[in-house]
Amino acid sequence: MGKNRLEAFSDGVLAIIITIMVLELKVPHGSGTEALQPLLPVFLSYVLSFVYIGIYWNNHHHLLKAATRINGAIMWSNLHLLFWLSLFPFVTGWMGENHFTSLPSAVYGAVLLMAAIAYYILQSLIIAEEGRESRLAESLRRDLKGKISPVLYAFGIAISFFRPWLAGCVYVFVALMWLIPDRRIERAVSQPRGG
Amino acid sequence: MGKNRLEAFSDGVLAIIITIMVLELKVPHGSGTEALQPLLPVFLSYVLSFVYIGIYWNNHHHLLKAATRINGAIMWSNLHLLFWLSLFPFVTGWMGENHFTSLPSAVYGAVLLMAAIAYYILQSLIIAEEGRESRLAESLRRDLKGKISPVLYAFGIAISFFRPWLAGCVYVFVALMWLIPDRRIERAVSQPRGG
Amino acid sequence: MGKNRLEAFSDGVLAIIITIMVLELKVPHGSGTEALQPLLPVFLSYVLSFVYIGIYWNNHHHLLKAATRINGAIMWSNLHLLFWLSLFPFVTGWMGENHFTSLPSAVYGAVLLMAAIAYYILQSLIIAEEGRESRLAESLRRDLKGKISPVLYAFGIAISFFRPWLAGCVYVFVALMWLIPDRRIERAVSQPRGG
Amino acid sequence: MGKNRLEAFSDGVLAIIITIMVLELKVPHGSGTEALQPLLPVFLSYVLSFVYIGIYWNNHHHLLKAATRINGAIMWSNLHLLFWLSLFPFVTGWMGENHFTSLPSAVYGAVLLMAAIAYYILQSLIIAEEGRESRLAESLRRDLKGKISPVLYAFGIAISFFRPWLAGCVYVFVALMWLIPDRRIERAVSQPRGG
């Protein structure tokens, strides 16, 4: 059913995204601390985005481990998720270079929001394929973090026009919240099928 | 017989192509909407190319799933396909930066056309190896979309010198036409060999 | 337990890091030897970093071969290691372009040090998961090279503010020391489980 | 024995090399044919290098398929080969941008020569591990192409200082000579072990 190749392709894209982001850290011409200083905000936004891609890779990994069947809709919703994640290098560089000002922070939040929605669609399609009675469906019934995150991203986008630094704090907070891998799915999968 | 490594290598190349295209979206220096605006056509052409690479990945995936034997000719025709796809970042950036003007639109269409021809050659070689009586050969006997696409690309190339915006519409139309994965092959493969 | 995907993702990231480093070797405009000469220090630092990434890939490969169970902490400590390795293209280019001067050499050493610490954490978490009685734990009990390296990196960082060329020598020396793959783990793994 | 991961890592590096070479095709600012023209030599050198990386991928694939045991020396000689291949994007861009003039053509040939030597070392180490009586060793006993190529590369390097265009012809000729995958190994492997 091509699950292996879907995982391999996603791994490839995520590995490239996480790595080419560092190309936005342009090598400075000077060799003193004054040459490094302007790179600090770009570096900080790189760290944040690295963590986000890591979170997506982790959760994507757990989600697909629980999936047993892949169909065309799942394939395309997976590409849809990768599309929004592929914009990370751009929005990361833009937010970093402009020192977390309003519009770049809002656009960064918008990409986070779209990626969250894309992940939700992918998850829903996999659950639909597995059946509403499947262990995966059950383990995600509450999915508190998945429901709170988009709300927080939307709040971050709105607040970035008034207190841009607060938007950054919101994005960091959501990242910390997710740093713990989705143990619910993990537990469901590790349990024997027979329950 | 090396099918796995052929798939892995193709996945790698396609994953890189789809991801480095975003590097053409150069991070602007300003932080206002006026800094983002000139990027809009580049972004639109990026979306279009992302969908095209996604289509090729999907169809390539289905085609190779149906293949049981790989020979030297198949390997090289696969590399030939990857060559034309590798030009996507260049033509995407060029068309986007020049706001879909005549020559860039025509060159974009030419790369689409060459990739379609390369895919057709790859498909023919795999069918030849599988045998004209194979399920794959049967499922692709009509292959309407595969026959119409090159004609539409050629039309797009021609029209781009008179109505460049129409060429863009043609490319978008073909992409939408292909968004549905090739169910014929999918069906043939999922059926048990014994028929 | 997702070990395969962890390896595949790490391979992808390491393959990209090792390859995009070469992008810091900017194609010069002239075509004579005088156009190549200023690239020599960048080339040398590229060779050094290529060897380091090769060492990490080799040791990572042996370490994960010995691992039988992967948990969330191992996943994140693996990403933590990849984070520091992802800074290699930046620090390599910066050190090379500034001809191994003080601060760039110190920062290069700092990234080496952080990567070594991240590797140590990853190794410790894998050993903790495998159990203190496992063959892996036993084979790494002494781990002389793993203990000396951070000390040498720290010495390299300190010395780079007084004799930057000596820092370079230290980094080269540690690389040579590691070039030999970790035979202890290799031996432990190749021996039959029963001992 | 880690053969799978060695192949996966090599595939990753080769896929990235073959794809980032296209980044040397800088998107021009104009939109007319006069904007494309200066890119022609860069494009031609890109095609040549694409074919060379394809040849290496093909032969590497056949060689490793015949290998049954991997040791540390094979791992490092594989990285050594990847190192020289990683310089392709640089020398390709430099030769293309300088319209196949003397020094860039000679340096391109030098990288080809070093890659050929690295491949020969890798092949020799694999044969040594397999045993001089192995089918692989037997099938490579004559290895005419492998012996002629370095001589031709050396000739290309020398001639590039007098007739640079002739050096380009030599490199194209060797590429054409290799385009046919190494049928000797292919045959040896496909035959049943018992002979």
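In this document, chain identifiers A, B, C and D correspond to the written order of the chains, with residue numbering beginning at 1 in each.
Definition applied: contacts are C-beta pairs under 8 Å (C-beta built on N, C-alpha and C of every residue); 3 or more make two chains touch, one makes a residue touch a chain.
Given the structure is predicted, the values throughout are model-derived calculations rather than measurements.
K.L.:
Using C-alpha centroids, which chain lies at the maximum separation from chain B?
P.N.:
Following the centroid criterion, the farthest chain would be C.
K.L.:
Give the rotation angle, in degrees and rounded to the nearest 5, that superposes the C-alpha atoms of chain B onto those of its identical copy chain D.
P.N.:
Copies differ by a rotation of 90 degrees.
K.L.:
Determine whether chain A and chain B, two copies of the same sequence, contact each other through the same residue numbers or different ones, counting it as same when over half of the numbers at the interface appear on both sides.
P.N.:
Different, since under half the interface numbering is common to both chains.
K.L.:
Any idea how many Å lie between the Cα centroids of chain A and chain B?
P.N.:
26
K.L.:
Roughly how many whole angstrom separate the Cα centroids of chain B and chain C?
P.N.:
Their C-alpha centroids are separated by 37 Å.
K.L.:
Counting only residues that touch at least two other chains, what does the list for chain B look like?
P.N.:
Expected reply: 8, 12, 15-16, 20, 23.
K.L.:
With touch defined as at the start, can you tell me which chain A residues reach chain C in the complex?
P.N.:
That would be residues 7-8, 11-12, 14-16, 18-20, 22-23, 25, 27-33, 36, 47, 50, 54, 57-58, 61, 65, 179-181, 183, 186 of chain A.
K.L.:
Quick one: which bits of chain D touch chain C in the complex? Just the residue numbers, please.
P.N.:
2, 5, 8-9, 12-13, 15-17, 20, 23-24, 72, 75-76, 79, 82-83, 86-87, 89-90, 93-94, 97-98, 101-104, 107
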